[in-house]
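Next come two complexes built around chain A: one with chain B, the other with chain C.
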Partner chain A sequence: MSTYLAIIKRDLMISYKEGNNIAMGFGFFLVIVSLLPIGISADKDILSKVAPGFLWIAFLLTTLFTISRLFKDDYMDGSMDFMIMDSSIFEIIIICKVFAYWLSVTLPLIIIIPIMSVLLNISMDLILPIIFIIFISSPAFVFIAAVGSALTLGMERSGLLINILILPLYIPLIIIGISAISNNVIGINNYSFSVMLIAGFSMISIALSPFIISLVLRSN
Partner chain B sequence: MINLINPNSFNRFSEKIILAIGLFSLLLFVVGIYWSLVIAPIDYQQGEMVKIMYIHVPSAWMSLLIYSFIALMSAITIIFRNPFAAIAARSAAPIGLVFTLNVLLTGSIWGRPMWGVWWVWDARLTSVMFLFFIYLGYILLLRTQNNLFKSEKIAAIYAIIGFINIPIIKFSVDWWNTLHQPASILKIDGPSIHLSMLYPLIIMFFAFSTLFLYLLLVSIRIELIKNKIRAINLKRINDIDN
Partner chain C sequence: MKLVINNLHLELGDKFLFKNLSFLLESHKPLIIKGLNGSGKTSLLRSICGLLKPVSGEIIFFNDNGEKKDYLHLCNYSGHKLAIKNDLTVQENIRFWCSFYKKEINNDLLSKFKLDNLADISVSLLSAGQMKKLSLIRVFLSGKCIWLLDEPMVGLDIESQLIVKKLIEKHINLGKLILITSHTDLLFDNQILLNI
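And now, the complex of A and B:
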């Protein structure tokens, strides 16, 4: 148990001390979101229609760009080998690492989403459902992205490839999430059904991806 | 029983049958194209445009079939640590990519006169496009790793994960009500297509699958030769070192 807590603590310390990952995630997210009014339209009605989906996509891209280094440093300096050989369960170590990543990068993003929503003219009563959906889908996002991070571990420039590999796997999640939000916009309410589906998706990815990741990392 | 897993016996065996398969595929193509373009009736609604179907539908089946083949071979690679399955999966991927591209292009050409647009973002079209991306990712994953042995296993894991897209594509037209028509051949209560169109379609399907088999054998042989060259080069380097 103490091993796992130590790993979470270590990863949080590293990302706090370096600060790069958090700052880059934040910066990337803000820049992409602020491109929307410039690139599509600054018209208030169009913005409030397009913005929920766009926030979702920006969130996804930020996750994929920042997670590509999740296992790389440990792999390079050799601590990965010790984690694999250690008596504690490697799959749980992976869960701890991903959880630490989620705490340090994803959670801050979720916290600033209300501010961005206000800037993008999303109506007030939609903000809470959007945040809730992004919140419960974020474990699935992060864990699937971590699989991509493990798959591209041995490569020099993995930042682009991870997008091609992993974005197709997000399709079911994106479709369900977007339909939940946009149905809310047009007034059809199957919100709780979508929430349950997304929660199920998150649970499956938390349960399965540690095993896939450990299989990939062990063969590296 | 011929031991196909052994590269040498595979080479001897494939040498004998490869020409026969190629000629058989050519024959099927000649018969199938003549039957579908000249003999088969034209659709009363779609006119001559319906004949794109004889290319479009078999390509679509092949794109799914080849991906399933890759996923199966990848599973064998991981479970039984069989290097030959890895070579088969690796050789099939570019062929599948081309078939998928073929589906997208012919579908687009067919969609323009029928639906009035080149492309719509409905469930079937979008999921096939993502199949294309998964093929692309798989091939890139194989090519960008510098350690071939390692990359085979990693790409195999990715191919298996990507297999979840296949049922999504197959059932997308049944689950969501979309512009693309629902399945009309492989249904529980029999095909809902007239026999005069079904027969040439089936011949075209066999023509495409023998073509795939032919191309697969050729590219597996190329991969085996590449492996041999690599081994010879390694041996030369070792000899120089000693």
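And now, the complex of A and C:
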């Protein structure tokens, strides 16, 4: 097995055995989504209009909430040293770690979006477009959040700091994503253009974030 | 092969450790580094591994043909952090590091260190000494030709210390490089002692 596959397999095993991140992710996502009818309105019409955008924000916050330990365990137990020492392509190791996180935490959240959508009275026609737009924006979510996780590696209470550091970077993504979903709700069709922009944003994140993370981790 | 350390100057944050440190690490001549706590032994090892940037000085590796080469991928290091995952079993940890170093899974070392009966047990249930042995196994199975061992005997029982000593001697006899920091007296043939 290659070095890179070994890292993905190990991180998935740890994630499965610990279960913390998966359970916390599910719990956090569920709580935020269930707060919407309480905080805004239980009126079905109002809910169906605001819920798609809200679902997207809830997904983003869940990512930020669960990613703070992405590099911390390897840093604390010394494994990170050997990954830096032994691999000339440390950036690929970083991509593997983020991918393992995406598989273990983000993908299950995407899978439960249809259930959440039904709970929030989102129209059946919108569920697939919402899932698709969240799916293609998820690489940007996790790779940008991973930069925050690396930047706050040696700090206590890093979870809150990640949000402060990283949330502004999501502003373009939030504007494009929410406008795409909202325009779909009111019938304006710029969906495919927004999808392309978000896909571009995700690709740029995948291409640049590993180098930034590598720089930060090596300097630690 | 040899590793030449020239006028190394190390600082850790604002803390001065040493400067103008020069020595030679050669095949068949294990180097034992001694020094007071905080004198910079661990930092020296981390610096050789490329994990700590020296203020000045150079570290040069020459292969068996006397050619200057990159060496970081040839190094393995065992430090205070054990690089083992408490959530995984002994066997899962070993499997991971074997895959990481692209080596065949070798259970002989587990048997030698009497960890074979604990292969399916979570590492969190091991004693400190057993964890240390597992961490050393990671270095021994890596197949790297430069071993940098930071206090390898700490926490080990006498029997395990003898096994580690034999494995180190085997590495030395193969003409590979080894640098050890230790507060205890280790006796190897042709060893060179350096106090920092």
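In this section, the second predicted complex is superposed on the first by the 217 of 220 C-alpha atoms of A that agree within 3 Å, B and C clash if a C-alpha of one lies under 4 Å from a C-alpha of the other, contacts with A are read in each partner's own complex, and residues count from 1 in each chain.
Simple rule for what comes next: a residue touches a chain if its C-beta (ideal position, glycine included) is under 8 Å from a C-beta of that chain, and two chains touch if they have at least 3 such contacts.
Bear in mind that the values here come from a model prediction, so they are computed numbers and not experimental data.
Chain A has more of its residues touched by C than by the other of chain B and chain C.
When both complexes are overlaid on chain A, the residue A:179 reaches neither chain B nor chain C.
When the two complexes are overlaid on their common chain A, residue A:79 makes contact with chain C while staying clear of chain B. After overlaying the two complexes on the shared chain, residue contacts for A:215 are found with chain B alone; chain C is out of touch. Of the two partner chains, neither chain B nor chain C is touched by A:48. When the two structures are aligned on the shared chain, A:154 is found in touch with chain B, with no touch to chain C. By the document's definition of touching, of the two partners only chain B reaches A:167; chain C does not. Common to the chain B and chain C contact sets on chain A is no residue at all.
Interface residues of chain A, counted against chain B in their complex, comprise 147, 151-152, 154-155, 161, 164-165, 167-169, 171-172, 212, 215-216, 219-220.
Those residues of chain A that touch chain C in the complex are listed here as 1-3, 5-7, 9-10, 13-14, 17-18, 73, 76-79, 81-82, 84-86, 88. Listed in rising order, the residues of chain B touching chain A in the complex are 78, 126-127, 130-131, 133-134, 136-137, 140-141, 144-147, 150-151, 153-154, 157-158, 161-162, 164-165, 168.
On the chain C side of its complex with chain A, the touching residues are 46, 49-51, 72-73, 75-77, 79-88, 92, 96, 99-102.
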